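Here chain A shows up in two complexes: once beside chain B, once beside chain C.
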Partner chain A sequence: MFITQYIKEVFTGVKSLLIGMRRTGYYFTHHKEIITQQYPNEIPVMAERFKGEVIMLHDQNNEHACTGCTACELACPNATIKIVTKFDITPEGKKKKAIDKFVYHLELCTLCNLCIEACPTGAIKMGQNFEHSVFNRAELTKVLNKPGSKVRDDVE
Partner chain B sequence: MLEEIAVNDTGDLIINVGPQHPSTHGVLHLIITLNGETIKNIDPNLGYIHRSIEKMCESLSYRQFIYVTSRMDYLSSHINNHACALTVEKGLQIEVPERAQYIRVIMDELTRLASHQLWWGAAAMDVGALTPFFHAFREREMINEIMEETCGARLTMNYNVPGGVMADIHPDFQRKTKAFLAFFKDKLPEYDELVTGNIIFQNRMKDIGIISKEDAISYGCSGPTARASGVSCDIRKTHPYSIYDKVQFDEVLETTGDSFGRYLVRMQEMRQSIHIIEQLIDNIPEGDFQAKTKAVLKLPKGEFYTRVETARGELGVYIVSEGGLTPYRIKFRSPGFSNLSALNHMAKGQKIGDMVAIMATLDLVIPDIDR
Partner chain C sequence: MISFEYIADNIDKWLNNTFSPWLALTIEFVIVGVLCIGLFAVLGLVLIMMERKVSAYMQVRLGPNRVGPKGMFQTVADTLKLLVKEGLTPAGSDKFLFNLAPFVVMIAAMLVLAPIAFAKNFQIWDINIGVLYVSAVSSIGVIGILMAGWASNNKYSLLGAMRSGAQIVSYELSAGLSILVVVIFTGDLSISQIIESQQTGWWIFRGHIPMLIAFIIFIIAVTAETNRAPFDLAEAESELTAGFHTEYSGMKFALFFLAEYVNIFIVCAIGATLFLGGWMPLHIGNWEAFNSIMDWIPSSLWFVGKTFFLIFVIMWFRWTFPRLRIDQLLNLEWKYLLPISMFNLLLATLIAIQGWYF
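Coming up: the complex of A and B.
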């Protein structure tokens, strides 16, 4: 009784191993399916909505849509965004509030998308760049508005 | 000079596993008292990855605190976010559009599938089989791509907002999800061939780390860990949230309570998740994906509690509000903590090699335990 039980166990054990080995053999002979990417040689194309970093959109006239309302600054959970405002003098001689610097700390950002949700004018969006490594930590603090850029006229 | 071997008064050997040990899946430190090769006591030492998430949430507004919870149980981050969004919606009595609820549940089940796939690969790796890990990651990569396309991130999605979801689904979402389900249904029998039926794997798992139904309840185990002991504790069935009361699925129960039972429960849960997604994916109703909410959310004074079923068990979110902009107190009841507390009971009297197999089937995520 004990011996038959033992032999039975040996046979079921060998059978289960063979079933597994059949699968392994299948993949050994059918190695067309390559699922790894050779990363530095082939740069992956990121999805359209991929959250890589916050960028500010500029058009060809070097104009953006940021009015400096600080909605994104308030929405941010990590104090990633700091907006420095200044007063422009309009041609009519009036003072108008505008952004001086849109400071973005990439090293603090958790890419949660809340600032983009909060922006009423659609001035900022998430960029697809994912290669953020730098040698100096200070390089991660960025000013998003390009030098000399100003707010678009139709944005209120 | 040789290190002095730590021996206690009764002559038992005391060894430290972790905090940097591959089998602990993170920074978990176990102080194990051994008599020969037999475990006499396991003392988990926590706190290596404590980030005070609960305290952090007290300084964040009700929109902002949801993203932090992705960092608790990072393998079911979408379900964590869902739980937080549900609690805020409960407090503000926001009616969530049907479309958002469907999207949320589909995403939840995809997250559960991804989590169980990773667990399957890692569990097999813990007991010595390396190949399943690559098989699991091949399928998980497809889910991650679906997530990336719609939510914008692969792991810490932050797709839930109070009142719905952050963005509408990607036009390719339904097609890709269906393609994935068809692919994965083909591959699931392969999982069984490679690991479930394997005699070495079965011998490592069967009759190891047994926990009875009564003990599972008294330790507060939840999720597949408790269901393998026969405790009916699936929150999706017992206290349905979102649209779980509208979908057909079975609660998977096993009665053995050993490591192999926990393994089988998770394997069956993957099939149930596929079944749930199949019912919903073609029937996503038209409409808004987000309810109109006020710009500033203020929960009324009071206490709010919601619980959901994550891939590991029951997650409870408890918010005490004083009526201000931020929560007065937040507490998360995480499944991993209670499941880990049963480890000592399960592993007592077993061999030290079996402890790794027990830990593998508990599916511990350490950031979830420490928060």
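Coming up: the complex of A and C.
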């Protein structure tokens, strides 16, 4: 019948609203159970897959795996990476191509991960740092290879 | 004992002894105006802070906690920011109406303050048609909203304003009908008489079933009238960016924002006055001992406590319920609230005639 249906609707409506209000009321009275991370006070641990910036891996001898093949530079969709090469003289007196500077423009980077996929030697990877704010835009242009570093011998 | 009544009487006496009656009245007008503006400013700061904290706790967050102790000065900082911002007027807008609209909304909110009793015998204007005056004047605010929406020359603003118009016109009915229930029981329209009639118990207890239904409908209707979630279709930030105040910035936006919170305070004060006894302490029938203990708590505290309780309930609604669609909104009013409040009015009349209340 229409009228019983109507009354039932009103009561079920009110009841469901009260259930919702009980839930939020519980949260209101139990505000010790905060689920948000208090960011500046507690530094969050980022997931392994998080893409914060491109970093170059260096081992303890200050050696990296970058051969200067410019595959990453070609793969980059918006010219974030610029590789400046130089020629090293090997002990045998032969010239060998090596990187001078791995210039990385963080301000242009969309963190698309294409350079990491393009790298044949696994020299670069995505870092977990996310605090990139700086006062001067020029600080976002980074040189990734550490000063005095050279390519590892076993990397071809 | 120091009470608001005592202070007001003494100031009135002193002014009348020092100046001519005409001048004394003028000075009193100025004092009342300044106090109203001061109350509005304080209310804006306190209620916005309260809203942000309540919402944070209900969403299991902390809320503002950087500016001042526990974030208490956050709203002061926000107000300063809004004060120094530029108040833009869009090129294609109707400049006069655009700049007038926030003031219309504010003045409408200010006018409703007149008959509210803040404490025992502490009232700006004890007008004998108090409740009628409140329900009439509180609807003027919608003119300001429509004005803002139309003058902005922006489709979002216009849509928001039109929705707001439809909503307020609809919900005014059930709010009015639930106020009528109290008027039936009291037999008087003046606010002071309605409070006086609750000497032996608040109406929500004395009037049992019809009063409880009226109270629930009143709370729902005034939530809709103040354009708050779950009835915030006029703003609906996910659909209309900000509804009728999309084009407003700086202090003009702040006036709309302030008017929203002041309106919440006013409707909650009206609700507290009609159903929970206003400044009347919790009295139970003829229990003289209990009543005299309750009288020790100042009447202003009772009023503020009840009002803030209702404000908390309305904030609770906002942070719990999802927003209604426009057709659901009108269905709720015309198919549910209005028929129920009409039947409730009949029931209340029957009970009042038969004297079946406490």
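One rule holds in what follows: the second predicted complex is superposed on the first by the 132 of 156 C-alpha atoms of A that agree within 3 Å, B and C clash if a C-alpha of one lies under 4 Å from a C-alpha of the other, contacts with A are read in each partner's own complex, and residues count from 1 in each chain.
We take it that a contact is a pair of C-beta atoms (placed from the backbone, for glycine too) under 8 Å apart; a residue touches a chain by one contact, two chains touch by 3 or more.
What you see is a predicted model, and the numbers here were worked out from it, not measured in a lab.
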Practice task
Applying the touch criterion given at the start, work out whether A:R49 contacts chain B, chain C, both or neither, answering first, second, both or neither.
Solution key: first
Exercise for the section: Based on the superposed arrangement, let me know which partner A:M126 touches: chain B (first), chain C (second), both, or neither? Expected result: first
Exercise for the section: Once the structures are superposed on A, label A:L114 by its partner contacts, choosing first (chain B), second (chain C), both or neither. Expected result: first
Exercise for the section: Classify the contacts of A:G25 with the two partner chains as first (chain B alone), second (chain C alone), both, or neither. Expected result: second
Problem - Which superposed partner A:L17 touches (first chain B, second chain C, both, neither) - result: both
Exercise for the section: Quick one: classify A:D154 as touching chain B (first), chain C (second), both or neither. Expected result: neither
Handout entry: Touched partner set for A:A75, first chain B, second chain C, both or neither
Key = first
Handout entry: Larger contact residue set on chain A - chain B or chain C
Key = B
Practice task
For A:I35, select first, second, both or neither according to whether it touches chain B, chain C, the two together, or no partner.
Solution key: both
Exercise for the section: Please write out, lowest number first, the residues of chain A touched by both chain B and chain C across the two complexes. Expected result: 17, 20, 23-24, 35
Practice task
Sort out for me which residues of chain A touch chain C in the complex.
Solution key: 10, 17, 20-21, 23-25, 27-28, 31, 33-36, 38
Problem - chain B residues within the chain A interface of the complex - result: 60, 63-65, 67-68, 131, 134, 138, 141, 145, 148-153, 156, 158, 161, 166-167, 170, 190, 193-195, 197-200, 202
Handout entry: chain B-facing residues of chain A, complex
Key = 12-13, 16-17, 19-20, 22-24, 35, 46-51, 75-77, 110-114, 117, 126
Handout entry: chain C residues within the chain A interface of the complex
Key = 54, 57-62, 316-317, 319-321, 336, 340
